[in-house]
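Going by the order they are written in, the chains are A, B, C and D; count residues from 1 in each one.
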Amino acid sequence: METDELIINMGPVHPSTHGVLRFKLRMDGEIIKECTPVLGYLHRGTEKLGEMKTYLQFIPYTDRLDYISAMPNNYAFVKAVEELAGIEVPLRAEYIRVITMELNRVVNHLVSIGSLLMDLGAATMIMWGFRERENALQLYEMLCGARMTFNYIKPGGVREDIPEGFIPKLNEFIKDMEKRIEDYEQLINTNEIFMMRMKNIGVISAEDAINYGMTGPTLRGSGVNYDLRKVEPYSIYRDIDFKVCVRRECDSYARYMVRIDEMKECLYILRQVVDTMPEAKIVSNPKYGIAPMTGAPSAVMPYFPRIFTPPAGEVYSRIEAPKGELGFYVVSDGTTKPYRVKIRSPSFCNLTAIPGMVVGLKIPDLIAAFGTIDVVLGDVDR
Amino acid sequence: MDPVTIDTTKIKSIKRKPVTALEKLEDTGLISTVLAAREREGLILLSTIDQVFNWARLSSLWPVTSGLACCAIEMMGVAMAHHDIARFGMEIFRASPRQADLMFVAGTVTKRMAPRVKQLYEMMPDPKWVIAVGSCASTGGPYHESYSVLKGVDLIIPVDVYIPGCPPRPEAWLYAIIQLREKIKNEGYGAKWGLNK
Amino acid sequence: MNPAEELKQKLPSAVVSIGIQVNKPMAVIKKEELLNAAQKVKEMGFDHLSVITGIDYMDHFEVVYNFFSYAKKQNLALKVITDHEDPEVDSLTSLWKGADWLERETYDLVGIKFIGHPNLVRILLPDGWIGHPLRKDYDMDTEQFVTIGEGGEDIVSTDGSNLLRRK
Amino acid sequence: MIANAYELIVYILTLFRVYEPLLNVFQALGAEYVLRIIIVLVEIAVLFVFVLLTVMFLTWMERKVVAMVQSRYGPMVTGPRGLLQPVMDGVKLIGKEDIIPAKADRWIFTLAPFIVFIPALLVFIPLPFGESLIISDLRVGLLYIIAISAISPIAILLAGWASNNKYSLMGAMRAVAQDISYTIPLALAAIAVVLLTGSLSMVDIVNAQGGAWFGVIPQWFIFIQPLGFILFLIASIAEMGRIPFDFQESESELVAGFFTEYSGMKFAMFFLAEYAHLFAVSGIVVTLFLGGWTGPVLPFIPVQITSLVYFLIKTYAVIFFAMWLRDTVPRVRIDQLLNLGWKIMVPLALLNLLVTGFLVTAGVMV
C-alpha cells in the first residue's frame, strides 16, 4: 500500500535529541525512509577561539566541548601541547590524571545509560545514575573546586595535588559503585521490554563502523577490539592491567553492554592506580610549572606561567575519551597562541553513521540507536 | 558573663520585620521589581485573587525541556535526586512549550539557535518566566568573542532572573528559583501585562 | 620502513616529500594524485580516517589527512598543498564514508572545495553565512544574524532587527 | 436493602425526618419530580467532587510514588508534604493563556477535551463504590462501561487532527490503534467473568464474589480466572496509555503526543481525564476480579462505610501497581505492542473464554 510521505522535524528542541540536534525525517507512516541530521545549533566557534587565545587560556574551552566528560578533553589538548613542546610529566601527576579520567569515564557512562533509559521511557535509571554521579562530582570538587568544567590538567602536570581525604573517599565511591552497577544490571539487563527495544536495533557491522570512522564503545560494540589505551598506550596505561570490553552483536544492546562492562573495568583501573600511586608529592614539571614556595602548606606549590610558547611545529595527538577517539591537531608557529587548533571529536564522527543505521526502522528505534551512540552536542558542533 | 550567648533581642532590632508591601518587596532584594514599584508611587495593590493566583503560579512552575549546552546537564542535576526541584513542584518538565510556564535558557545561545529560542518563548502561554542560566546565556560568557554566539539571551527575550556561573552550581539554581518565586509573589495581575500604568 | 617511505616507494610520482609530524610519519602528496595515493594508503591497510584538517597559511592552504591502521597499529598523515585563490582537492568520500562530514566541515569552516563530494554544503553554519570563519582573513567585526524563513530554513543577514528585542 | 445512592439519600433524609416534610411540600406544589431531580443532582455533585478530589490526590500520589522509587522527596513546599500541589497546579492552569494555534480547526480543537473529559466521568455511573453506593445499577453495566470508554479514542483522534501538528496526529493515530486493539482482549476477558455470573450488572458481579471457600479464601474471580485477570490488567493499562504502553504521549518520541498543542484549562482536562480513567479502570479491575467492595463485615459501623473503605483500599493497590510499573519498565515499541495485542492477547483471551465456557456448561464452575 502506498501512502504519502511525511516529513518530520525532530529538534532542535526535542526531549530525546540530547540537546539541540535536529533530525529531518522522511517517513512512510511510522517507518523512517531517510534521516538527515542537521547540526550546528551549538556551533560556538571553539576552533577560532583557539587561535585567539593562548595555550593555557584555551584549556577551559576544551572543558566545554564534551561537558559530560571534561577531564579527558583537558588531557587530550594538554597531551598535544606536551608532545609538541616535549614536556616531561612527573609520575604522580600522570597517576592523578588517570584517576580523574577514569572517574570521568564512569560519570560519562552513567549519564549516557541514564539518558538512554529515559528516552526509552524508564525514568528511574537516570535518577539513579545522577545520584552516583553526584558522589563523583563531590570528588572532583575536592580536587579542583569545579563540578563539571575543571581546567585541572595543565601542560607539565596538574594544577594541584590531591587533597587529604580524597583517596579514602574515592575508595568509598568505588566500593559503592560496584554495588550500584549490580543494581543497574538487575533493573535493566534482563528486562524483557528493554531487550525487545535494543536487540537487533541500529545494527552496524565492523567494516561499516570502521569506514564511518566510528570509535569508542560504539566501535567496540561492533566487535572491533580497539582501544587507544591499549594500542597506543599514553600516560601510564602501559603499566595498568585492564581488558578491552568488546561485544560482537553490533546492535544497540551490545553498545549498552560495552558501557556497563567498561564502568566495571574503570573501577578496576581506579583500584590499581590508587594502590600503586607514588608517594613523592611532585605534580608538575619543574621546568614548566613548579616555583618552590617557602612557607606554603606543601613544600612545592604548582605554579604555571601565563605565557607558554612551544616550538613551531604541528602535532596530531589522540586519546581514548569515554565517547571514542578524541584528537587535537595543533599547529604552532612559535608564538604564545596556537596557529590552528583542530578538534577531532568522537561524537561528530560517531554521529556520521546514524543516517545509514536507522533507515527502515521506526522513530522509537532511532531514539534507541541514537541513545547508544552517546552523543554530546557540544562535542559535535564545537 | 558567658561569651557564647548571643543576645537575640538585639538582632531583631537590627533587622526590622518588613511591614508594608514595599518593605516586603525590598526585603526580597529584587532590584528591578522594587524600582518598578517605586515608579508606581510605591503602591502595589494585590487583590486576594491576585494573591491566590500568584501563589498557585509560584508553586507550580513547570519548566519546558530545552537544554542548550553544558548547563543542561546541570539542569538535569538539579532535577535529580540530590537537589530535587520536585520539592517546589517543578519536576514536571513539559516537552511541549504550550504547557510550560518557565524556560531555563540553559547554555550558550548560538546565532543559529537564537530564533528557535525566541520561537519557543513565543509558543509558551502567558504568564511565563525566563531564567537565563550561566554566563553564556547572560552575556555570551567565555564565547563572547566568538562569531557564532549571541551575546546574551536578553537581546531576544525578556529575562527575569540571571544565574552567574559556568555552569552554575545546583545551589545557585535553587537560589534563583527561590528568587523567582519571590518575584512572582509580588507581581500584580496588571504589572505583568503593563495594565497598571 | 615507516609507512610514508613505503608509500613513496609504491607511488614515487605522487609523493613530494616525506617527513615526521611529531613521532608520526607524514607524506606530502601532489594535489592531483591525492585520490590515487589515498587508494594506495587504503590498500596498505590504513582503514581508519581519523581526521581531516584544513589550515590557512595566508598564501596557501594545507589539507592534512590522518590515517590509522587497525591491523598494523600504525599512523600515517598525508598532506596536500593547494593555492589560496581557489582551494580545491579531490574528495575521499568514495573510499571512506566517514570523510563525508569531515570534508563538509572543512568546506564550511575553512572553505576548501572537495571535488566529487556528493553533498558539499555547509554543515555547522547555516547556508548563506558570509565567509569561512577559520580563514585568517575572516571578518570578525561584522555580526551576522540568523532568522527562520517561511519553510523553516535559516536566513542569514547582517541585520538583526527581526530577531533582536526592541529596547 | 438499599439498592443505589438515590435510595441511600432518601434513607438518610428519612432517618433525620426531613424527607417526609420535603416530599409533602413538593407534592403540595404538584411537582414531586423536582425533588427527585434535586436528589439526583446532589448525587451527581457528590460523585463529581469525589472523583475530582480523587484525581487530584492521584496526581500527588503519582509524583510521590515516583519520587520514592527514585530516592527523592517529591513535592514538599506547597502545603503539608506538598499535598496542596495539585490544587495549585489546577489554579495555575485556569489562569494560563488559552492558545488556539492559528492553523488549528477551532471548533474541533475546543470540543475534543470535553469529549475526553465527560466520558471519563460517565464511566463511574454504574461502578459500585460500596454496598448501595452506586449511582445507577444498570443491568448492562459492564457493556455500558466498555462502550463509554470507546468514546475517548474518537476524541483523541479529533484532538490530534484538529491541532494541525504532525506529532499530535501521529500520537492520535497511535492512540487509536492501541485503544482498538486492546479493547478487544479487554472485552473478551471481561466476558469470561460475565459467563461466570450470568449478569452484566456490576452489583451482581460483586455479589457473586461475596462468599468464601473454607470460610477463609474469598471467592474472588482472580482465583477462578487468573489468566483473565492478567489479560484484563495488561489490556487496561494499555488502554489507559500508561508506561509501558504510553504511546499517545510518549515524551521522548512525540513531544507530548496528541495534546502537544493544548495549553491551559484544555490541557488540564486531558490531564484530569487521564487520572479519572486510571481510577475508573482500577475500580473496574477491582470489581471484576478482586471482589469489589466485599470484605469482612464489622459490627457497629454501617456497611456502606466499610465497603467503601474496602473498595478504596483495593483500588489504590491496583493504582499503586500501575505507578510502580511506570517507574521500572521502559516503553515498548508501537508495533511490538500491536503484535502483543493481536497475536498473543486476543488468542489467549479467546482460549480463556472457551475454557471458561466449557467449564461453566459442564457445571464445574459456579
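We adopt the following convention: contacts are C-beta pairs under 8 Å (C-beta built on N, C-alpha and C of every residue); 3 or more make two chains touch, one makes a residue touch a chain.
From a predicted model like this one, the values you see are computed outputs, not experimental measurements.
Chains that count as touching both chain A and chain B, per the definition above, are C, D. Following the contact convention of this document, B is the list of chains adjacent to both chain A and chain D. Chain centre most remote from that of chain D: C (centre = mean of CA atoms).
Contact count check for B-D and B-C (C-beta pairs in contact): higher for B-D. Per-chain CA centroids place chain C at a distance of 61 Å from chain D. Chain B and chain D have Cα centroids lying 39 Å from one another. Taking the mean of the C-alpha atoms as each chain's centre, chain B and chain C sit 44 Å apart. Each chain gets one centre point, the mean of its Cα atoms, and the points for chain A and chain C are 24 Å apart.
In chain C, the residues touching two or more other chains are 125-126, 133, 138. Contact of a single residue of chain D with at least two other chains is seen at positions 70-72, 251, 255.
Among all residues of chain B, those that touch two or more other chains are 80-81, 95, 112, 116, 145, 147-148. Contacting chain pairs in the structure are A-B, A-C, A-D, B-C, B-D. Within the complex formed with chain D, the residues of chain B that make contact are 52-53, 55-57, 59-60, 80-81, 84, 86-89, 91, 94-96, 98-99, 101, 125-127. Of all residues in chain C, only 21-24, 47-51, 53, 55-56, 64, 66, 70, 73, 77, 96-102, 105, 109, 122-126, 133-134, 138, 152 touch chain A in the complex they form. Taken in their complex, chain A has these residues touching chain B: 12-15, 19-20, 40-46, 48-49, 52, 60-61, 64, 67-68, 111, 126-128, 130-131, 133-134, 137, 147-149, 377-378.
For chain C in complex with chain B, the residues that touch the partner chain are 125-126, 133, 138, 140, 144-148, 154, 163-165.
Residues 63, 67, 70-78, 82, 84-85, 87-92, 95-99, 251, 255-256, 259-264, 267 of chain D touch chain B in their complex.
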